[in-house]
Amino acid sequence: MADLQLKSIEKNYGSTRIIKGVDIDIKDGEFVVFVGPSGCGKSTLLRMIAGLEDISGGELTIDGKVVNDLQPKDRGIAMVFQSYAIFPHMTVRENVGFGLTVSGVPKDEKVQRVNEAAQILQMEHLLDRRPSQLSGGQRQRVAIGRAIVRNPKVFLFDEPLSNLDAALRMDMRMEISKLHKKLDATMIYVTHDQVEAMTLADKIVVLKDGEVQQIGSPMELFHKPANRFVAGFLGSPSMNFVKVKVVAHDNDSITVSSDVIDEVVLPRHDRDVAVGDTIELGIRPQYLEPHHGELKGSMHGRVSLSERLGTETVLDITLADGNKVIASISEDKVFEVDEEISLCFDIEKVHIF
Amino acid sequence: MFQLDTDNPTLRLIVRYMVLTLIALIFVTPILFMMMSSLKPDQQLLADTSSIKAFLPIGDISFDNYKAAFERAPIGMFMLNSLLVTGVTVVLGLLVCSMAGFSFVFLNWRGKSIAFSIILATLIVPFETIAIPMLLMVSKLPWLGLDGFSWGWLNSYRVQIIPFIADGLTIFLFAQYFKDLPKELIEASRIEGCSWWQVYWRVVMPLSGPIIATAAILKFLAMYNQYLWPIMVTQQEQYRPVLVGLQYFFQLNTAWGEVMAYLTIITVPVLAFYLALQRAFIASIASTGVKG
Amino acid sequence: MKKNSILTRHNTTGWLFASPGFGLMLLFIVIPFILAIAFSLTNQRLMSPNAAEFVGLENYTNMLDVGILVVDPEIDASGNILVDKNGDNKYPRLRKFTRNNPDYPNVQGMKEWFSFSWGEQKVAIMASDLVFMKALVNTLTFVAFVAPIQGALALILALLINQPLRGIQIFRSIYFMPVVVSIVVVSLLWRFIYDGQNGLLNSVLNTLTFGHFKAVDWLGNQDTALGSIMAMSIWQAVGFHMIIWLSGLQTISPTLYEAAKIEGASPWQTFRYVTWPGLRNTAVLVVIVITMQAFSLFAQIDVMTSGGPLDSTQTIVYQAVERGYGKQDISGGSAMSVVLFLLVLSISLLQRYLTREKN
Amino acid sequence: KTDLSLWYHGAGNKVEAKVINQIVNDFNNSQDDWNVVLESFPQGSYNDSVVAAALANNLPDILDVDGPVMPNWAWAGYLRPLLIDEAKIADFLPGVKGYWDGKLYSIGLWDSAVAMMTRRSTLNEVGARIPTIDSPWTEEEFNDVLKKLKATGKYDYPLDLGMAESGEWFPYAFSPFLQSFGGDLIDRSTYKTAEGTLNGPEAIAFGEWWQSLFVNGYAPGNSQDPADHETGLLEGKYAMQWYGNWAALKNLNKFGDDALFLPAPDFGHGPKIGAASWQFGVSSASKHPQGASDFIEFALQDKYLAAFSDSIGVIPPTQSAAALTKNYRQGGALAVFYALSKAQALVRPVTPGYIVEAKVFEKALADIADGADVADTLDSAADEINADIEKNRGYSR
Amino acid sequence: MADLQLKSIEKNYGSTRIIKGVDIDIKDGEFVVFVGPSGCGKSTLLRMIAGLEDISGGELTIDGKVVNDLQPKDRGIAMVFQSYAIFPHMTVRENVGFGLTVSGVPKDEKVQRVNEAAQILQMEHLLDRRPSQLSGGQRQRVAIGRAIVRNPKVFLFDEPLSNLDAALRMDMRMEISKLHKKLDATMIYVTHDQVEAMTLADKIVVLKDGEVQQIGSPMELFHKPANRFVAGFLGSPSMNFVKVKVVAHDNDSITVSSDVIDEVVLPRHDRDVAVGDTIELGIRPQYLEPHHGELKGSMHGRVSLSERLGTETVLDITLADGNKVIASISEDKVFEVDEEISLCFDIEKVHIF
């Protein structure tokens, strides 16, 4: 229902610069997720969009209109907080209808719209309860209901699920995804859970230290990370990085090796390298295939810890030079601690930094 | 909360400060009046009471009233007595009351809930009510002092201190605060092998700084402003506290200037004590939280 | 605290910790109060060569007795009702009935508390201790006004002081200042302010109205005396309760305010829907503390009005002291204190009962 | 030497302290048996302190006591009769001799008196007669003066009664008016009832007159500003002031010859003023009543009586002492007060019940001044006094 | 260093029975994990072992000695709390040495033992900080240090990691595992995170409503769950359950089918069934292999949500009868929402309940 532009948005606290000129274009109906490590400025950015924080520099437009100096209520936004921020002394019905109450919507209309929202979120039976009688997931649903009912142009979510336990988080994640499809509204979502980011987003914005690292669809970011930071940030367990020396290169390929890696030939990436350069290989744990003994494969190490999760086995491997890599196998396999193993990897799936 | 419908932040700020300052005037004027009056001779002081001059150090300003006040009464001694009695009571009171609060919250014993109800009920008893029975009692209590065994507590510091060490409000405040301390800390220290005294002294008390400050200022105020009781029990000047000293200034012809000077003098220590604890105090009441 | 775990099952330790405090309170509050109750059942004098005697509830009945007297209007020789200047019926003086009149045994020695007309007749409610009755009513009035007003003002101050402004600490200290000064001192100061001719208050009002304000004898006028004392009492203690409110305010999560802001609530709506509901527990505490303080109103009266004019500022504690010390009737004074104790106790039990119901 | 403790009510008053210390020192140096140790108390809470000490069995050997309170303390057993030869005090003003139950319990080193203070010029202006001890104003005359003074419009009030003072001032200063009307706080023949004396027709007449002072705006009421009371006459806000000798010097200094100290008006039963100020007694707890009495007797020397008078302005109790003083000797500026004391003084009711009577009277007067119904108020007062007497079994022992 | 026996341990609060006769045998040096849903009594059980709660019934022995009525400090245990429970007014050094201080250990010895513990936990550089200057993981390490230093016979942990974020949790998990190996002490660990349970435990105790459901090694529980509850509790996403009818059976096999499942023959389990019985099949999402279209496989449904996580794809599938199952594929595959798919599964990996 609305598109947003952030044009060199900045935020200073005193002399500290927290947000350092951020440009983002958000299209009508898009689901945008901000991710990044703790303290990188995700919440600050979201709160500036909401109008809860002053914008120190740059321009924020909603539907083409500059809203830098507008009050939150005049921006046509709704926000869902990590701590739910539902009013503890009101029933669910009153909570959901709060925005309508304060803006003086007639009673009939209010009742109807609250009911509609409750229906969408399947919580009609909860309407007369008080928040203290609700579970965490139900509370978050109330908070979302309160956002929906006002028909905002933009929904803002600040880590809405991080107070919930794993199973519930998964359920709610799916519900939000469906909600987005149903309402077709613009949504901006902050999280530091990469699974949420990957599954929900049309577009992910990766932030670090108040700067945008990369903007793109989840698969773009996953398969073509713009830099080491983005690569390491997405995927779990996180990507292994191994330092290697360039031994040779030509138009199509690069040959690298190191103390712990036998010479391998990799497909050429769009990166300039010279022989003798040290570069880093990024290999996801899922693409490392461990084998007992030093039979085959190009990396060698010892198992320092093996975690069997039933359908998955995670290995902590110490390489000969003391560095560690992690390998993840999607089946239940037994490795002994201290056992020597070698690792294969698919050269197509290796990133070069 | 209080927002103005103006978009000019500077203007908004100015208005806010003005409102705050106006209110501050209401609170500060009588005290200002007291302090300014203490600098004026009686004649002018009384004439000034009817106008704004009461708050201004104008006219015949001097410290004569202070000089006269010090000549009229042994102010230093009264002050020392007050500070001694108040100080000792506050320190012992905090100890005893926090121990009781500790016991009520963390320990279980027979009769605990009855004891707690009694303590709450004592909050309602006005002191005036029990002053006479208490006087009759303390005049007959035994005491084992440096110079042997004796009967009767009158004319001493102890008679001004001991009856006021424990009070319901302080016990109640401590109990409220202790309830909010994380239970795990107590459990952890028990598992680490602490005796209850060690739990109290090494874990709970060091964590109770804020409430100690709160209780201290409240108890200080109550003790420093004692009046009726000292009149009844201190027949010797050497034990009298400041508020009894105030009576020295109401003779046949009241010397208002001196009265104001004396009031100023005795108010200063409380203000100083309060300001010293102010930070901790406000933080603490804020953090005590109020549970219904 | 139903739990009886190893962690907390410690009879001896519990007693050891509690006994210094609890023992002192028993010795110096509970026992004297029990003595006071005992006094109230005797005719104990503050000083007297005569031994005290047990008199049962006589002190209480003397204090609390009320009676009703119905009086016919005065009639002239021809049977017409006499009428005074204003056209009201004329009634005989009540002292005819209450003094040495064996026909009306139930109102002997009583005084008229208040009266109303009932047809031709006048119905007078008589009290045996009129001053105490007035003190009772005044005390209740004082509580009824001071508790809500002081509570509300304190809340407003707390809201003001809760703003994140530079130097707000200074204002906090200033607002708290009167609390720090002894109430005796404060009362003395305010006597100057309230003075009837050229007191500060009158001159300020006079200046503000450009001379249109007619000086009021604040403490010397039945209609304004209690109100003036209320105002001063509120001024003195409001800072204390401000701090308590402030603590309550700071427990309200800031995100609730942000949520309300995003939902478009006005400042008043924010207060009504977010702040006030979040302060309910604090409110209970504030009300209880204010009520208890208000019931023990004494020093202000003693210093400022001595209960006058015409008993309009009599209070129970002041009466109890006046009776017990001034008139050396320690048994009567004790009885008043016991009545006050029971009154406050029942009110706080009621308060507790009411608040428990709601939760 | 044996220590004798002495309690005195003058803490905070330097000049007073000087005299009393002088006496104590002189006495201690004058003999070898006793050593008097002085403890001073602030006046405002002196009685409370003594009562508390008595309850706690902690009384000193010698203490001073306000004249009218003495019978109460004596009755309660705090005091014992003095061991002083009464011939020695034969020429003392009657007001300073504390007799109760036929025995001498206390003796004062001074007396005080109240007078109508004003200025000759003020009265001349309205053409009022200057009254004398022999021929005081009558009620009509007095009311007329007030009316005329009021009519000038020059004064806030014609008369300052000193309503700003509370406590003992009321019975001390105003009960003589009642007595002059023919009533009293209590029936002095039996000291058993106030019925008829405090609420009889004479008393009601007094009450009505008292109320009229305030209704007519002749005098400031209960809420009088203490500052005005202090300075009103001097500044001309008030035309006359009904006040004690301790304030007389101020007027003299300010007005000089113009100052007048007039006797009480006669309301029908002779002009009356109060008497009896602070006096010394020996406590029943004293183990050395003889030494204590000796000290008191020692203090009765004219030089001390004169010293007190000179330092705090009080009236010396003997003619010979008066002769030694600055102001009260024959022709002295305040000699008139000595004469007033002698001619008009009437002690307040000498009964243990006085404490309650005084309280009740004070409240009744304040209420009447505030507009309460006179008869009802006086009835209540009489009832309360009688009830108190009854409760105390007639104050018999 | 110690073995423990719980013999029909019970706990009542008033008339409510919270722990209903629990028997557990813990051997010297064993790492035992209690898992179960919230409120099942895990913490209560642990606290009874610690001596923080009374034991209402049954017998607790440590090293053969009944300790029901012993004070916590006399049981030779140490405990690490979820909220760390470190003393905010003491430095790390004082915190770690606290147990030694109160028991009056000489200064020299104390210093030495604190240093040792700090070394084990690699926090020597933190010793002079205050808790407020520590991160969550460091705080938890202090709490563990305080436990170690006293050389207890038994370590108790109550959800020690649940206040930490995902990455940190993983690190700390590994550290605890190593610590156990190093100290070789008996440890009892409460969690509701199944990954922790699976990776740390020698022996898992699954609790539900105050009763033991199953005790065994992680793989025993994963591959041979005693009941539906245990099966559903371990594994993520959790096991799918599908109702089927028994069509035929013989000594070696059972043939089942339902509206949504074509007839399949399963290996015989040790369970009595009769033809016509309704039984439930338990299939882990990892063992469901989805295929586009209705080509092969024995279950059919529509994709209702597809989540691409880069190296893993999770599908929400609605079966023809409206029930849902989840399938998890360990590679990045694209499925359209609403697309019809069919699912294969390995009959060897099916559980029957």
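All chains are identified by letter, namely A, B, C, D and E, in their written order; residue positions are counted from 1 within each chain.
Please note the rule applied: contacts are C-beta pairs under 8 Å (C-beta built on N, C-alpha and C of every residue); 3 or more make two chains touch, one makes a residue touch a chain.
Please read all numbers here as calculations on a predicted model, not as lab measurements.
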Least step count from subunit C to subunit D, where 1 means the two chains touch: 1
If a chain touches subunit B and subunit D alike, it appears here: C
Of A-C and B-C, whichever chain pair has more C-beta contact pairs: B-C
Chain whose Cα mean lies nearest the overall Cα mean: B
Rounded Å distance between subunit B and subunit C, as computed from the means of their C-alpha atoms: 22
Gap in Å, rounded to a whole number, between the CA centres of subunit E and subunit C: 62
For subunit D paired with subunit E, centre-to-centre distance based on mean C-alpha positions, whole Å: 93
Cα-centroid distance, subunit B relative to subunit E, in whole angstrom: 55
Multi-partner residues of subunit D (at least 2 other chains): 48, 55, 226-227
Sites on subunit E at which at least two other chains make contact: 51-52, 71-72
Contacts with 2+ other chains: residues of subunit C: 4, 7, 9, 46, 192, 195, 197-199, 280
Subunit C contact footprint on subunit B (complex, rising order): 1-3, 13, 16-17, 19-20, 23-24, 26-28, 30-31, 33-34, 49-51, 54, 96-97, 99-100, 102-104, 106-110, 112-113, 115, 118-119, 121-126, 128-134, 136-137, 162-168, 171, 186-187, 190, 196, 200, 221, 224-225, 227, 243, 246, 259, 263, 266-267, 270-271, 274-275, 278-279, 281-282, 285-292
Residues of subunit D touching subunit C in the complex: 48, 51, 54-55, 72-73, 75-78, 156, 166, 221-223, 225-228, 355-356, 359, 363, 366-367, 370-372, 375-376, 379-380, 383, 387-388, 391-393, 397
Of subunit B, residues touching subunit E in the complex: 182, 184-185, 187-195, 198, 202-203, 206-207
Complex contact set, residues of subunit C against subunit D: 43, 45-50, 93-95, 99, 109, 111-112, 130, 191-192, 195-199, 217, 219-222, 306-311, 322, 325-329
Interface residues, subunit A side, partner subunit E - complex: 38, 165-167, 170, 174, 177-178, 192-193, 195, 198-199, 218-219, 222-223, 234-238, 284, 286-287, 305, 307-312, 316, 330, 332
